[in-house]
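Consider the two complexes below, in which chain A is the common component and chain B and chain C are the respective partners.
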Partner chain A sequence: MSDLQFEISQRPDFAILTVDLEQGQRIFAEPSAMAAMDPTITLKAGFKGGLKKTLGRALGGESLIINTFTADRGPGEVVFAPGAPGDAIHYELDRNTLYIQRGAFMCHSDGVELTGKWQGAKGFFSGKGLVLLKASGEGDIFFNSYGAILEIDVEDEYIVDTGYVVAFEDTLHYDVTTVPGMKVGGKLKTFFFGGEGLVVRFSGQGRVWVQTRAVNPFLTWVFPYRPQPSNN
Partner chain B sequence: MQHEIVARPAASVVKLNLDAGETITCEVGAMLAMSTGIKVETTSGKKGGKGGGLMKGLKRMFSGENFFLNHFTADRAGQTLILGPQLMGDVVHHNLSGTLVVQGSSWLASEEGIEIDASWQGFGKALFSGESMFWVKCSGHGDLFLNSFGAIYEVNVDGGFTVDTGHIVAFEDTLQFKIGKAGASLIGSFLGGEGLVCKFTGQGKLYCQSHNPPSFGALLGPKLKAR
Partner chain C sequence: MFDDDFLDGEFEGGVFSKDIDGGRAGASIRMDDLGLIALLSDGEQFFLSYSECNLEIGGASGRMVFCRNDDRSLTIFCEDKKFTAALERASGGELLERLEEINATGRRRSLAGQFGFWGFLVGCALLLVGGWYGILWGARAAVPHVPFTVDQQLGEAVYEQALDEVAQMTGEEKVTLIEDDAVRLPLQKLVDDLAVHSRMPQVKFQVLVCDTEIPNAVALPGGRMIVFRGLIDLVETPEELLAVLAHEMSHVTLRHHLQSIGESIGVIVALDILVGDVGGLVALGAEALRAAALMSKSREHEHEADLEGVRMLHKAGIDPAHAIGMLESLPHGDIPDALDWLSSHPDIEERVAAIRKLVDELPPRAYSPLDFDLEGLRAAMRNRVVPAEDAPENKDGDRKKVNAADAKPENEKREEALAK
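On to the complex of A and B.
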């Protein structure tokens, strides 16, 4: 059982996470996730878990550096805030594995091991495909969304657009594929849509967290507002 | 077709329950997640003009003038589909009976049986050049889902009501409208930051949004690299 004291407040649109550390307790976070902290907390930026794991995380879309916050001068709190407005979720790992989509990782406690998951062509060459981090071990992990988070308990099969997948349990089998019904012509369309149409097909039993907004559609929306290049 | 709008009001999405054979149409990209007993068919729509060949279509697509529609059809009972908009904001359900003119980016989805015409030019095209604004005319009977940038509010127009064009989500075509300037003089209106407004008269329902997408775009655009 976890002994980490925490509170997720300002839900669901502007969730932030406050962790209360006991003396000596540590938490490991994505750089830039920290919003505020007590002076009793020491921040140490650094590579964690050796070169291979560090590179794995980098391939998973997270930074090479993981920040370690230690309450070494007495108990204190650290506040973490996601980059995008949205929700935050706590998940307790109990010797199982959770996959987290690129950019959604916030922080984890001692006992959790975070590595990049090499997706091969499936993840990297599909452009906006699935780029995942793998969290395993025993402890607490926190992740965030852009927009709200919907929890979907898959019992058989379910399809989620790649851009909206936040995290899922490894009891689920997954495949990156196209939307059913899109055929050969659909391949072309998929290409021109810039990744839309690529979905993750989950099967088996387990939980998937889906966010209600995604970054790429927003960028597509902003695109026409970019300045026109000058002609001279 | 059963629906539930969740995560209101800032990050709203609509969850639909489809029975066998039921179809819902939305713009490509609106689908977040769905059950596996749903088939998707993609067709081309057009904004404010005639169709054309494939290359013309692609060209229009890149210039933001074309759009593609996805038609989701359940091939067995009890299928779920989750649809959401691009921007932060709300989703509302409108039980269509007649005709509603919807601002292009506010149209989320409509049930089969509702005719979607994206070539409606009632406001004139030149007025919105440079802003990726187009209008979708929805006619018929059935469930229609609209989304807003920010909050959404209804106005039951009875007489007259003036709205900045960027704040319009949708309006019933029982309303008459006239595009005009907010102030007494055209230059004065623009200098005052109030561009073109739509003056509605008559009786009918109007949906407005708290935030103006082109204003937000104009705020972000200059900070981005040129195309």
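On to the complex of A and C.
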């Protein structure tokens, strides 16, 4: 079991993560994720895990730099805030792997390795980037959603729109495909004009985290209300 | 963690069971004669006998092996590449049939993955190549529908910049145009006489001569042409001079500048569609547009201009073989940077071969020598009247009109050296 003390509050709309570090304990976070911290904590910015892993993270939509927060001068707390309004989730890695959608990573403890996983055509056609973030090892990882979050325990098969997938366990097989029953014309439209109607079909046994809002539909909704430049 | 009685070592994996808090845990997996044993980090053990083991393959990697009991209440899984071979040995052939099936599935998925990967790369390459040729085709198809006044306006817009570029070639602050009619008018007549044989005889060419020792000539969109003094010094016959001018005129009548701009715009639009935000690239694109408008130097455009120039010479009754002579007489290989007309035209042997082929295919006709006084033109350049502002100051600080030989003795020396 993890010995990391933490609390996620203000859920689910504007969740914030407070981590209590013991003397000498460390946590690794995305730059700009830190909202507040005790003066006993020191911050060191730098690359982590060598060139390949650093590039993998970068391709997965995260920063090249990882900030390391260490309770050098005594125990203390660090508060992390995700960029998007929404929930934050804790997951304990137990010698397994978790795949996280680009941009959803917040922070992780010692023992976790974060890199990218090339997903080629799956990523290309999903419109969500060619590389997924891959967290593996033994330790704690925190990720965030846009909106609230549903935890789905898949037993056989499950389908989620590509825009709503936040993370999933490595025991699940996944394919990016069109919505079942879509006509050929619709599939071609999806293929050439990107994204709409594309889903991830999970199969096997494992957990999927699904967010209750997606960015693109929100932008489509807000677009008609944008301010218009005036000629006057 | 395990006793030494176990077979084939230990594998990292996991367990699904309702008896575990959260339903899942990582585990160390070993095999004995009867079945699989998974040991959790808290010491809890799970056992699954080979006789009730149902095998599946899956997971995000497509290579994870799941061993489940019949009611799926316990699953032990592992992704280690050596796991299936160890399972085959440990189970004594009990799982052989099913293991062969999942190994075959694994190989199929691996092949499909590789096929998908290479297919994806090939697809992207085809898309890029197809897109590129589509853009070229689109630019060419669109140009005839654009009125020629656009070329003229474009030429007007880039004229000052073109003069700056010419000045930069020699490191001068400003290019000196030779406005003496004795120099300019014979060249203008030469071009006008040839223009009637171009594919756009209505185009009015305007010849400008610049006092630059580089052997070069530049055509701007719309019909303005800048002939460098160095070119007039370099050519051996008037026909060679006309061959170069015909080539440059062809860039104008074939509207290569507009085609290049269309291609540049097409590339920017394609990048915008593919990449999304190309803010930085747009600035780059604007630079490319400017460069394309000034210098239309694509390999294909050069070949087209060569062949069109040859046709014009043929129609005008001038032996087009002079174009070959001009190209072949120029120094190959290590060309000084200053010889811009050459350095931007690298594939001379290929061009000569294409011209020669066209010359052979042209209907035979009698050619006559070009009636043009090249030596007279050179003399006019040497003795031209230099405007007062370009003349050197006398000892009283005044300027007076002098001839070029007096005004620019250094240039004269260079001319003589080049002529030799």
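Everything that follows uses one rule, which is that the second predicted complex is superposed on the first by the 208 of 232 C-alpha atoms of A that agree within 3 Å, B and C clash if a C-alpha of one lies under 4 Å from a C-alpha of the other, contacts with A are read in each partner's own complex, and residues count from 1 in each chain.
We take it that a residue touches a chain if its C-beta (ideal position, glycine included) is under 8 Å from a C-beta of that chain, and two chains touch if they have at least 3 such contacts.
The structure displayed is predicted, hence computed values, not measured ones.
Applying the stated contact rule after C-alpha superposition, one finds that A:G86 touches chain B and leaves chain C untouched.
Contacts of A:W221 after superposition: chain B is touched, whereas chain C is not reached.
Contacts of A:D153 after superposition: chain C is touched, whereas chain B is not reached.
More residues of chain A are touched by B (comparison of chain B with chain C).
In the superposition on chain A, A:T171 makes contact with chain C only, not with chain B. In the superposed model, A:P39 makes contact with neither chain B nor chain C. By the touch criterion stated above, A:P229 is placed in contact with chain B alone, chain C being left untouched. Looking at the shared chain after the overlay, A:Q205 reaches chain C, while chain B stays out of its contact range. Residue contacts after overlaying the shared chain place A:N96 against chain C, while chain B stays out of touching range. Considering their complex, residues 12, 14, 16, 23-27, 41-42, 56, 58-62, 64, 66, 75, 77, 79, 116-117, 119-120 of chain C touch chain A. Against chain C, the residues of chain A that register as touching in their complex are 1, 93-97, 99, 117, 120-121, 124, 138, 153, 168-174, 203-207.
The residues of chain B lying in touch with chain A in their complex are 6-7, 10-13, 28-29, 31-36, 38-42, 58, 61, 64, 68, 70, 82, 84, 86-88, 105, 132, 213, 217-218, 220-222, 224-227. Chain contact summary for the complex, chain A toward chain B: residues 12-13, 85-87, 147-148, 150, 152, 156-161, 164, 179-182, 186, 189, 192-193, 196-197, 201, 208, 210, 212-214, 217-218, 220-230.
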